[in-house]
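Sending over a structure as structure tokens; questions will come in a sec.
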Amino acid sequence: MTKVVIMGEEIMSSVIGPTGPEQRRLANNVMKEALNRAGLPFKSISYVVATGYGRINVPFADKQITEITCHARGVASFFPDARTIIDIGGQDSKGIKINNGRPIDFVMNDKCAAGSGRFLEIIADTLGIKIEEMGELALQSKNPAVISNICTIFAEQEVVDKLAEGIPLKNLVAGILESLANRVSRMVKRLKIEREVILTGGVAKNAGMVQALSDKLGYPVSVPPEPLLTGAVGATLLGKEIAQKAKERDESPERKERSLKEIEIL
Amino acid sequence: MAEEKKKHKKRRTATEAAASIGPMVKEFISGTLRAKEEGRKVAFTFIVCLYDEILRAMDILPVWTENFAGICGAKRDAERFLERSESLGLSRSLCTYALCGIGFDQWREELGEMPPDAPWGGQVRPDMMLSSGQILCDPRNKWYQASQLYMPDVPVYNIDLPYPLYEDDVEFTDVRDYYVKHIIEELRGLVAFLEKQTGTKMDYDRLSETVDLGERTWNLIWETYDLRRAVPTPMGTGDAMNTMVPMCFMMGTQEAYDFFLGLNKELKEKVARKEGVVEDEKYRLLWGGGLPSWFALSDFNYFNSKGAVFPAETTYRMIESMYQIYMPDTNDPIERLAWRWFGYWVFWHNKARKRPGSHPDVEWLIQYIEDYKIDGIVMHEAFSCRTWHLGLIWQLNQLAKIYKPIPVLVLGKDGKKEKTNRELPSLVLESDIIDITTYSEVDTRNRIDAFIETLESVAKSKVH
Amino acid sequence: MNEKNSDIFSRIESYYSDYGQRAKELKNEGKKIIGYVCSFIPLEIITAAGCVPFRMRGDIHEPITKGNINLETIACPFYRSCFDLSVKGRYDFLDGSIVAHACDSMARTYAVWKYTLDLPYSHFVNLPHTLSKSSMEFFNEELNTFRKSLGGFAGKEISDDDLAEAIGLYNENRDKVKALYELRKPDPPIISGTELTKILTVGASLPVAEANQLFDEVLEELGKRKESPLKKVRRIMIDGACVDNIELVKLIEDLGGNVVIDTLCNGTRDNLPHTDIGGDPVSALADRYLNKINCPRTYRENKEQDLHKDLESRFGDIGFYAREFKADGAILYVYKYCDPFGFEVPARKAYFDSIKLPLLYLEDEYSAGTIGQLKTRIQAFLEMLG
Amino acid sequence: MAGCVIGIDIGSASSKGVVFCDQKILGSYVIPSGGNYKLTADKVREELLSRTGLSLRDIVYTVATGYSAKAVTFADDLRTDISCHSKGAFYCFPSARTVVDVGDLHSKVFRIDDKGGQLKFLLSGKCAGGSARVLKVIARVLQLKVEELGALSLKSRKRVDFNTGCAVFAESEAVGRIAEGVAKEDLLAGIHRALAAQLYSLAERVGIKEDFALVGGGARDAGLIKAMEEITNLDIFVPAEPHLTAALGAAIIAEEISNA
């Protein structure tokens, strides 16, 4: 998903744009929408930081910073005591250890969709349910189905077959979440996890997943009010810092040529 | 290791001897815990490192770390230790025995006590660790050094055990003297280390006795396993994966000898009664390489259910009786051990030289195919152990190139049927020794089904 | 850039991208070309035999296909790539290949390598794992066996004088590499990591005398660089096995870090240690290869049962180079399925921790396809260094 | 007539049936498998009979195979698709010795002997990255039918490098490439090349022996066939209806059994 946060002294507007592979084309639209809501013209924005998987494809950004650094900063602004971040987005998942708002170690998985939120999107699609419903459905299950395939595509087939066998939907969904929780927890355990643990990214909106992950780790994980936005908030904070530092030196920050145009896709 | 099947589906063994292994393993795990309490010295050890008899003669109790990992695997309780190792920075692509062991040890050291619900009471903290540097296996060279990071006070002794690879222009006899000399030196170094650790001197008469006992046991095992040539075969590889326990973990003890006496008797009786692993033996297969998936030994039963049996395997096996292994006239037990090592690893060199395109590893397969009337070969490619699993595919390919034992008729150019020979069919299974996340029962059984269909179609086309 | 400058660098570029072109020429002139992959091959013996040692490379852009025949996917991906290229005929000019007992991926596949490539000559050099007196004697004998065997193939008895001469040439070579490394010490360095990787890679594909000459020309050319072409940014060390494609180093440099030092097989590990001269040449070689090449495949004993002393004795060279070259951060780069390095990752991490050098640990395959994944990780690491 | 037999292949994507009489194909039928394999199986048989004008009594033997062969309750026997593909490919090309099946979830490779019996086989692993599913995924993002992929790919002049690491992420990678301005046909050619490399690499693991045949749903894709030819440097044999091979093989086995 594409998210834009505009910040002055505090957050002036934030927009979460539609998901899907078309994100890059939509970045400018989301930006325009955010400017609209804040009632600001684009040229009044002193600095733009792009982050996330598609950060290189933002033609109107002044600087690209990885989501690892941005998430760390964003989360720290909400949870000063946070030590570990687990971020599960649509393209990857990662674990970040932080100290004073800065990442000190991280692991990530971005090769296989089965370890990302994309896995849930595909299964939801196959099962004909909304991604937003998955969490609640799973929480109703007492008897999660065992999903034996790891691969998204194989698991997709497996849930179809299991559904035909008459296994209740909620148990299937719970099984799917458990399978993702397993994979993510195995990965983040490669860091020596310290508490407090914060879950971010779109998947943190899934209450069933929050539960499944807490169960796997053996202690609760916290979720920020808008888990989708932490990365963007972090990017804004880092952008502000850069702009301020430049100001202290009485310079204007190094900026790129920006273009708020649509990228042609398809 | 295999006996943990009880917890899951109980695996059916063909022999009583194999069924008796469970308590035996349990006993020597708890035995090491007891010994430690009683103040006896315990050492971390690997199989196939030549020091079995030396340890026995010095009353040092070996803790077979591969065995413990195997047990965790068979109990399907290795995952948490594997994950712990990963959290230390060790890749899942490394030997999962080692990962399981290091993960367990680190956890025990961190807690100062056994990790919760440790399988069979857990793996004891050792007084010393005996690694070995050999062509055979890097983890044997690196594992204990890695564990030492979490118990720096426990000394490691690494014993170098080389053997020559097969070359065109160098015969093993050209290099034998300096190989054996080095091995002898290394063994003497080990003895000196052990003497220092225990504060007692080696009793060489006793060592001679244990080496003697070891050699007698070796021969007995060879003889006993050879009984499996019988048709129908009285014991399969599934059982051999149990009876490997006294072979690999108890050499140099009377118990091991007695165990194989019992097995020998049992097999002879079965052979006399023509009692096979399965009632209607259709296909005789060679387990041609690879360690099994310890959590899925019941796959052997699945083979059996299709009329397929495994009279032989190259895994955990004495290649030949000691009589066939070159041994100079010496009474020095250390020298005997060194010669045994050398003789074992070059055993097939001479045979390989006689067959164009052959190689010792391939020659070994051919020998067993002929001795045991084999119809097909199964290998297991365990993804985390390079040691036993690299080169298997090549062995199959090379074998197929130089050895075609099945007579068939083909349609020749002129339309007439001609007799030719074709290769043995083979199956490669892919999974791991203890990492259950690599295994799929459906997939595995599907492959076995297809392989059985292959054997069927080959049997049909065979001309007698 | 003047004429000659562009000349030497374009020659390097051409040798790098068409790897082995000089070896092909030499082959046509009747030379015997002997391929090898690992730093433990005593090149001095090959040179003394009148043959040309040729370091085989992998190619991260070439998907492994034909190499799958006979070689399991659980072998080291770097080694598999070298094998794949060989099966595909990229190294058809080789007369022989030599494999050392470095790791399971090499040792356990010697037969696969030997039978599949089916070159006129092949030999396995068996190295001991330990550093005892007996190990040294054994290795000495093993080197003599190799000397005899290769001499047989080359049709030449390799004399002590031949060996001494080759040792001299290689020591010279190591001096020149050292001089190249010296150019990395200034901040910003005079030479980029990408350039040096190319130069060293090319050097390993040439007869040592030609490599020496090439290095001389490069040094002369670089001597004219009054100013560094690079920016003053974070100084990065790479620790690991063999990195013989420039992509990783280039990626780091593109993302805004200077690669200034390494402890890699085809870097300092192999290129800097000298062979002692004056005594028995074979013993001196045994000593160089077994004692002086600090590789995890050789067991270095923890003599005092002390964690820190152990780390220092095993990894002290890392700290030494990091200080000498003023590294700000290090990347531990390990191939999947590599046992010698894989088992040391926790200890290496502990060591980097003890010398307070920030570390990024990357486990990678040997494929250009993973560059995208490395990018975010390396960029985040550079951001962490600030 | 000695009687006819049916071979039926219930795949994860599509189900296929073949009626076989006296070593000849009398009729065939393909439908998507859907969720209820049993119903699908019944439907396939029904259609086969009505299309060939045969009645149930004419069918002396039925062999089922494929992902959900067990759902074919009326089958007399089951066989793995490995055996069936081998038989089917051999029937089409008696000279074929290496057969690669590009299926929906798995790709498989078999070495067969001069009787169509398989000697060795290998399956792609637990990752769908190297299967025909990638084609389906890509077709969807490009808003094309899978049937259209081949022809378009053949038009490519400038193939791009593509990484089909993950069948799912292939989608976003494809979108990214299009965003960079890569033409659809060049992208497709890249994908076909990447898939072909994976198949080739799988095939080399059993060792390729000529002739080389490509079967399964993926083999209907002319772009993939071309890419295979390029990368293997071999002539690739593809049956007219490659997706039917396993069903055909099942029918042949059925006939063998009924004649025995």
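Lettered A, B, C and D in written order, each chain numbered from 1.
One rule holds for everything that comes next: a contact is a pair of C-beta atoms (placed from the backbone, for glycine too) under 8 Å apart; a residue touches a chain by one contact, two chains touch by 3 or more.
Here the structure is a predicted model, which means the values were calculated and not measured.
Asks: Could you find the two chains linked by the most C-beta contact pairs?
Replies: B-C
Asks: From the mean C-alpha coordinate of chain B to that of chain C, what's the distance rounded to whole Å?
Replies: Measuring from centre to centre gives 35 Å for this pair.
Asks: Take the average of all CA coordinates in chain B, do the same for chain D, and state the distance between these two points in whole angstrom.
Replies: The mean C-alpha positions of chain B and chain D differ by 40 Å.
Asks: At least two other chains touched by the same residue of chain D: list those residues.
Replies: Touching at least two other chains: 126, 165, 205, 207.
Asks: Find every residue in chain B that makes contact with two or more other chains and list them.
Replies: Residue numbers touching two or more other chains: 89, 393, 397, 440.
Asks: Residues of chain A that contact two or more other chains, please.
Replies: In chain A, 111, 149-150 touch at least two other chains.
Asks: Think of each chain as a node with edges to the chains it touches; is that a line, ring, star, complete or other?
Replies: complete
Asks: Taking the touch rule as given, give the residues of chain D at its contact with chain C in the complex, in rising order.
Replies: 163, 165, 197, 200-202, 204-205, 207-208, 231
Asks: Would you tell me which residues of chain B are touching chain C in their complex?
Replies: 88-91, 93-95, 98, 131, 133-135, 137-139, 141-143, 145-146, 148-149, 152-156, 158-160, 162, 164-170, 174-175, 178-179, 181-182, 185-186, 189, 357, 359, 361, 381, 383-384, 386-387, 389-394, 397-398
Asks: Tell me, which parts of chain A touch chain B in their complex?
Replies: The touching residues are 148-150, 186, 189-192.
Asks: Where on chain C is chain B touching in the complex?
Replies: 69-72, 74-75, 101, 103-105, 107-112, 115-116, 122-124, 126, 128-130, 132-135, 137-138, 141-142, 145, 149, 152-153, 296-297, 299, 301-302, 305-307, 310, 334, 336-337, 339-340, 342-347, 349-350, 361, 363
Asks: Sort out for me which residues of chain D touch chain A in the complex.
Replies: Chain D reaches chain A through residues 12, 35-37, 68, 105, 126-128, 131, 133, 141, 143, 165-169, 171-172, 175-176, 178-179, 181.
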